[in-house]
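Paired with subunit B in one complex and with subunit C in the other, subunit A is shared by the two complexes that follow.
Showing the complex of A and B:
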């Protein structure tokens, strides 16, 4: 699977970008040339120089160091929210096909309800009201993306449950648990892989938006979104400021989306493109 | 969501414009929609209400300050009705909503309905303008790409859609501010002017935020419309229509668009909640006093009724938009009504 992914032409640039991002996450905080929190009143809003490659912000903090130090939080927070959404979405989605009709009806309405909530407003409200913190933010985003995973799990299970080979298995006395393990999961996993890649991109963008608003992470701690927020306040002095964090966010999100598309091309027949 | 998941299969849809739908079937549509919309509304408001409960926040701190005595806290809680059982509180809150009573702000005692009514037009004008830009531009690009499949235009639209879907609205907003206010000095980058005061100024001030919010919609809509139309264009009835000598324009706009627009419309319905949610970011960037910014500020202050009221209003708008889009889908493609 991975070999085929590398072989596919469209996935290669995406994988290259993601490799760089993974390096930033693993090593970023170790590579910071200066203390990301150290303020220097003698070097406010400086342009790029040999000492400060990306210049300094309004407090004289080294922007490159802040960018590197903020990488793990920005990426890991979105990965964790995707994990929460995946578990809380796929499992009920699968079960909605196999358990009672009451469970199906209730879970479907709950999912519909979650989808009518205005995403960012609700994420902001939930995080702030549950005590502004990264854990709350990841939980809020995770809950709000469960409908996507729910529908993927449910669609895959629905596609299998009436297939003849499943009927045959059932006639031979296979239990529901066995059918889910043996037949449904095989059908679900590719679809889940595609959705996970796509949602990781989406969550990156959402987490960046939240940290941009100062939600989830308390200000002095650097994040990619938070860096953009400080850049916005000093746009007149440093108009080039937003480019580095902005480019990192956009490139990572694009790479995840491209990876999702490549995975989809590999796993699904072309007709299911807009399912 | 199942209110919008009526995925039309273009293969089933009849090729030619079909007879006006009969009254009975339209009622059935409304009934089946009501069966979905009402439980969804109840569930969504329940989630909203429980969020306030889970927060454990209390008006006493805001009203009485840190030095409040236990008796005072208890009295304030009683005044706000917070000493009643949760279920009763929920029912009382819902009954209030039905009367248009959203409670009062814990922070300054102003009725929430009043606060929302003041700020809603601001958010709606930005979201509405974004929707118009998104639908117009998305349709034009999507149709053009589908008709000229494989051309540079098609590849350009596809590349744009792939890049644009990776652009968070706040990044787009910053880029647009840089270009249009900082460098070209054409448009203002902050504030708000009501339409009634100065229509031209209103348009100038909502231009950047609306454009920033519309990028997502343009990308999504053009992509879905292209896919839907390309599928529809390869159907047998299109070949039949060509053979019968129908003009390409008639085939595209009367037959193909009708059958190929389904997925795009469904996607549009899914985009509405994001559009309203996006208001938080744009209103913060452009310092516009809309409901998104109010919800974020109130959430950070722990002003539960204001947050809940904003969420309920947003949910109502989303449900209304979904209803409209579903009815549109039904009118456009009578075949979708056969299900359910």
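Showing the complex of A and C:
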């Protein structure tokens, strides 16, 4: 699959960007040229220079260092949300097809209820209730993307539940767990992989939005969204300020979406063509 | 004969057009005399239940006080046209202006003032009790004269009564204090016509105001201040006319984009409030360590763009209560701070604190304090108190939950009142409340008993400031002037050190 991805023209630039992002996540905090939290009251809002490649913020902190130091939090937070959504969505989605009608009905209503909740308002309410931390905010986002994974898992399971080989396995006395593990997961995984890639991009945007609003991250911890927010307060003095964090967010979200598209192309069943 | 067209439709059209033009003219006039002011909503529209000093700026739209301060900070006649002290200083007699009326058209007389002061002393949820406790009883002598009988001489009262404490409410409206907290009925420059909590309050000029001739604004629209980053844009777009407390780094932008920026002396001062009732601040060595932890020049540079001034007391340099000696007692010395922390048993990184930060100020003070605490080996985490007009007051001023809070005072009419608000047993900004050292209370008492024209007054006041700062664990950091930006059509802004006023302000 990975070889086919590499061979895909549309996936290559996305993978290249994601490789850079992965590098930032792994090594960003080690590559910072200066202490990202060190303030300098005599170098406020400076423009780009040899010492500060991306200038300084309203506290005299090196913007490049803050951008690098904020990379892991920004990316890992979105991955955490996706992981929560994946586990809480796919498993009940599969089980809703194989377990009792009561479980199916309750899980479907729960998912319907979750879909009515507005993202930002729910995240704000959760952080107000549980405390303003990234973990709490990401938990809220993870819960809210659960319906997407639930539906993907359930749709894929419905497609195979009446297949003859599943029927045969059931007649031979195979347990539900065995059937899911042996016959259903293989069919579900491609769809889940596509959804995971797409939702990671979406979650990165949500994380950036939340940290932009000051939710989930406590100052002076740097994040891409947080940097964007502080840059907006000094837009007149540093009009180029939002460019770097904005570019990182846009490029990463685009790369995740492009990867999701490429995965879908590779895993979709061949279409029939009529002359 | 050539038939003529009937005239009436033409006439009607002409009349309609005339009315339309007249209507436009009246609407233009209304817009011309209107001021949209971005500030914060008060914690209550009733001066008795208002919880914070900053509220005076907004509640004084609807209320007039017995006295008012001039630019020098001295009391001058307002609702009261004169006052005299008895020889021993234990009775203060006010003579009111004749013909005063509240905005509900009820008479504002000596009985109404007595009813207000009695309510301030007796109402269960009154926040004026501490300031009125020195008044034993109030008596009236006719409709215009009333006497405050004091438990002990207090020459600060004419100052104190220029603020919330003297902002007289209508006795009729005060029968329903819950409604009064949402709908003010006073005798101030304006009367309320619309109020949406946490959003806006609209007022129109009150013709019953004693100084109505100096009010040139027909309609005042008070709105919650938008995000500081958008204040200049809001002014330029015309959605607001006046923004108080714009960030210092926005001054250049505001001026370059044609707005009027006024930088005027104020009593605003920021501090790190420390709670000695919570560990580790129950150890005096930790408190002393923090005396040397803060580099005030950095705060001045970052928060006020260099236009503020470092201070260790709740008064700015130049104010008559400012004590120069207090400024020389401690200096920034992180090495000494670390040594004191070691002596208290805390090595580098062994002490963790939580800093409460107010999102409404959002000036970065908490982040600077945190960075400076790191330098002396203290790990500090910032906890932003959720926004809302009263959440900071509830969490910090009333419950006194934080170990440490980055806070500030907007000042008070009387320096003694300011000292007590910051350091007194019932002071809302005294995070260590009800703690207050007896020697501080004794020093304050000496100031109260001294007439303000007595040659010893200033020395006693400075002594009280010195003792106050030394006995409190909290650290004042810097003072900042008013930075007010306005659209060019708003002229002659009236900024007193302790209040924003609207007398004399014109809209062109």
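Heads up, the rule we're going with is that the second predicted complex is superposed on the first by the 269 of 275 C-alpha atoms of A that agree within 3 Å, B and C clash if a C-alpha of one lies under 4 Å from a C-alpha of the other, contacts with A are read in each partner's own complex, and residues count from 1 in each chain.
FYI, a residue touches a chain if its C-beta (ideal position, glycine included) is under 8 Å from a C-beta of that chain, and two chains touch if they have at least 3 such contacts.
Quick caveat: nothing in here was measured; it's all calculated off a predicted structure.
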| item | value |
| --- | --- |
| Which superposed partner A:5 touches (first subunit B, second subunit C, both, neither) | neither |
| Which of subunit B and subunit C A:109 touches, first, second, both or neither | first |
| Subunit B versus subunit C as contact partner of A:185, first or second or both or neither | neither |
| Touching partner for A:31 - first (subunit B), second (subunit C), both, neither | neither |
| Which superposed partner A:239 touches (first subunit B, second subunit C, both, neither) | first |
| Partner chain(s) touched by A:91 [first = subunit B, second = subunit C, both, neither] | neither |
| Contacts of A:42 with subunit B and subunit C, given as first, second, both or neither | second |
| Partner chain(s) touched by A:132 [first = subunit B, second = subunit C, both, neither] | both |
| When both partners are placed on the shared chain, which of subunit B and subunit C touches more of subunit A | B |
| Residues of subunit A that lie at the interface with subunit B and also at the interface with subunit C | 128, 132, 232, 235-236 |
| Residue ranges of subunit A touching subunit C (in the complex, touch as defined) | 37-39, 41-42, 44-45, 58-60, 128, 132, 214, 218-220, 232-237 |
| For the subunit A and subunit B complex, residues of the former touching the latter | 108-130, 132, 147, 201, 205, 208-209, 212-213, 215, 225, 228, 231-232, 235-236, 239, 242, 246, 249-251, 253-254, 257-258, 261, 273-275 |
| Footprint of subunit A on subunit B - complex, ascending | 1-3, 7, 36, 39-41, 43-44, 46-48, 51-52, 54-55, 57, 162-163, 165-171, 174-175, 177-178, 182-183, 224, 227-228, 263, 270, 273-274, 276-281, 284-285, 292, 295-296, 299-300, 302, 304, 307, 310-311, 314-315, 318-319, 322 |
| Contact set on subunit C toward subunit A in their complex | 227-229, 232, 247, 249-250, 252-253, 297-298, 301-302, 305, 357, 359, 364, 366-368, 370-371, 374, 381-384, 386 |
